[in-house]
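Next up: the structures, one after another.
Each of the two complexes below includes chain A, the first together with chain B, the second together with chain C.
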Partner chain A sequence: MSAASTQLIDGASGLPVEAQLHHAMTAKDLLLVERVWSAHRARLMASLLQAGVMRRDWPQSLHWDWSLKARELKLLVNSASGLVCQGEWQGLMITKTQPYQARLAGDLGRPLVYVDFLEVAPWNWPIPQLQQRARWKACGSVLLRHAVAQSKREGFHGRLGLHALPQAESYYERCGMTRVAVDATKEDLAYYEFGRNEAQHFLEGSMP
Partner chain B sequence: MNAKRSMTLNLTDAEMAAVDELAQKKELSKTAVIRQAIRLYQMLDARMARGEKLFFEDEAAKKKAELMLL
Partner chain C sequence: MTNQDSEQPTNHQWLRRMADLEDSCGSISVGGLAQDLGMLKARRETNVVARTAFGKLLELARRRAGLGVEELAAQAATEVADIIQLERGDNVDLAPRVVFQLCAVLHLPHTGVMELAGLTGHREGIVAEAAVRFAAQSEGIEKLTAEERNALQEFEKVLAKATGQK
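The block that comes next holds the complex of A and B.
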């Protein structure tokens, strides 16, 4: 597993902090992260229940389990990346280089990097009903930029696709991704895509 | 990033023409085409080894055919 320096934003002070972006994470890495995150998820779930928050308002990745995704890392099409800040994993992402293809008209049928899963640590979820604010911000943007950079390295010109959870749709729209369709084959999730120009714009943009 | 190693590939004219055509169509380098082919082959082989099946479907013609991998 190798790492590069990057920055996150301290949710309390708004100041930048040093972080490390790890790529080529292993199955064992994901298992270790899940052990920490699952305990935090369980505490959050108990707090949401206690506060009487309706299930439709719960964070939509609350049921995710990265240990179940670990075995997929044996395949060349999959790669996992993660963010570490102050000794804790702050965000994870799995990308695929196959078998997804671009759906936007100008790039139809051409290869892209598909973001299979992207999640920030449970303590970085803003949950207004619990007065929880993100401890570290910009985790999603750093990981998404890394995925675009991967697409460029692969020779895919920055093209990127993903299915968004409903709670994340507005975020991907702010990133400049195009909403292509609602996908009946993927639990009716909306499919979003970066063409090469939008991807470059996102890389050069100032979105934290 | 992963270290890369080189190998010499001996292809027939027809195979090289297919690589060229795919590279142009998919806007990829020839190396990227072959890399993608290896990844796809490995993924399909692994999923079929788990007992999954691979189908091609033509919705318009209402045809569906199972694909066998060697």
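The block that comes next holds the complex of A and C.
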């Protein structure tokens, strides 16, 4: 597993902090991360129940249990990356380059990087009902930036697609991604895509 | 900007902007893989009466066994939050394995309980009728009253009968 230096924002001080972006993680690595995250998710769930927060307002990935999916995960041939800060895994991403193709009119049928999974550690979720603020911020964005870079390296000019959970739609829209369709074959998740120009604006922070 | 540029360390202005964006939007979760692995499927809907009865059964059997929620969760190898939700009658997507383990720990007849939890088909409505009576009778107080104990025993007989019929 190789690593590159990057930075995140410390949620308490608002200052940049050093972090490492690890590439080529294995399914075993992912499950070790999940073991730590799932314990934290269980505590969050208990707190949400205790606080009487309505289920529809819970983080939508709260009930995911990857440990039950270990076998399937091991069968997947993907590119997995993870962010480490202060010795803990802060975010994970899995990308694919096959068999997905661009669906935006201008890029129709061209190859792209598909983000299959992107998630940050549960202690990095802002949950106003529990007065929880993200411990480390910008984790998702740094990983998304890495996926755009991968797309450029592959010669795909930053083209990128993903299916966002409903609670995350506004984030991807504000990153400048285009909402292409709501996919009935994907439990009605909305599909978003970066064309090359939009991806470049995202990298430069010059989104509309 | 070249391909190389996008891998350069992110600048602070960009980082802060994205940190604020993530803060204001709340979530960045992507669901493609979760969908492919069946984790986004709508949770199984069991009817309200069956859920209420199952919740009461679980709570009374746990209290009869002198177990706290955490102890039961540990012994049945499941989550504390699941036990809390089940006892409240929430719609929890239960794996058969969990019901089996709960039954083993609490000495409940597993086939009837599986039926009650909506994991197997209903037979002749016997369990459903008993579930309505049980859900209506039992109250959630700390110590089992004589009425609660009777209600629990009666319901267990029906569940055991359902088990015997399989």
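Some points to look at:
Criterion: the second predicted complex is superposed on the first by the 192 of 208 C-alpha atoms of A that agree within 3 Å, B and C clash if a C-alpha of one lies under 4 Å from a C-alpha of the other, contacts with A are read in each partner's own complex, and residues count from 1 in each chain.
The definition used in the following text is that a residue touches a chain if its C-beta (ideal position, glycine included) is under 8 Å from a C-beta of that chain, and two chains touch if they have at least 3 such contacts.
Computed from a predicted structure; not experimentally measured.
Of the two partner chains placed by superposition, A:Gln129 touches none, neither chain B nor chain C. Looking at the shared chain after the overlay, A:Thr26 reaches neither chain B nor chain C. After overlaying the two complexes on the shared chain, residue contacts for A:Asp116 are found with chain C alone; chain B is out of touch. Look at A:Ser2: by the touch rule set out above, it reaches chain B but stays clear of chain C. Residue contacts after overlaying the shared chain place A:Asn197 against neither chain B nor chain C.
Of the two partner chains placed by the overlay, only chain B lies in contact with A:Gln98; chain C stays clear of it. Contacts of A:Val142 after superposition on the shared chain: chain C is touched, whereas chain B is not. Of the two partners chain B and chain C, more chain A residues are in touch with C.
On chain A, the patch touched by chain B and the patch touched by chain C overlap at residues 76, 153. Interface of chain A with chain C (complex): residues 4-9, 14, 16, 42, 45-46, 49, 55, 59-61, 63-65, 68-69, 72, 76, 94, 114-120, 125-126, 133-134, 137-142, 144-146, 148-149, 152-153, 158, 162-165, 167-168, 170-172, 174-175, 186-187, 189, 200, 203-205.
On chain A, the positions that touch chain B within their shared complex are 2, 23-24, 74-77, 97-99, 109-111, 153-157. Listing the residues of chain C that touch chain A in their complex gives 1, 3, 5-7, 9-19, 21-23, 25-37, 39-41, 79-81, 84-85, 90, 93, 95. Considering their complex, residues 1-2, 25-29, 32, 36, 38-40, 42-43, 46 of chain B touch chain A.
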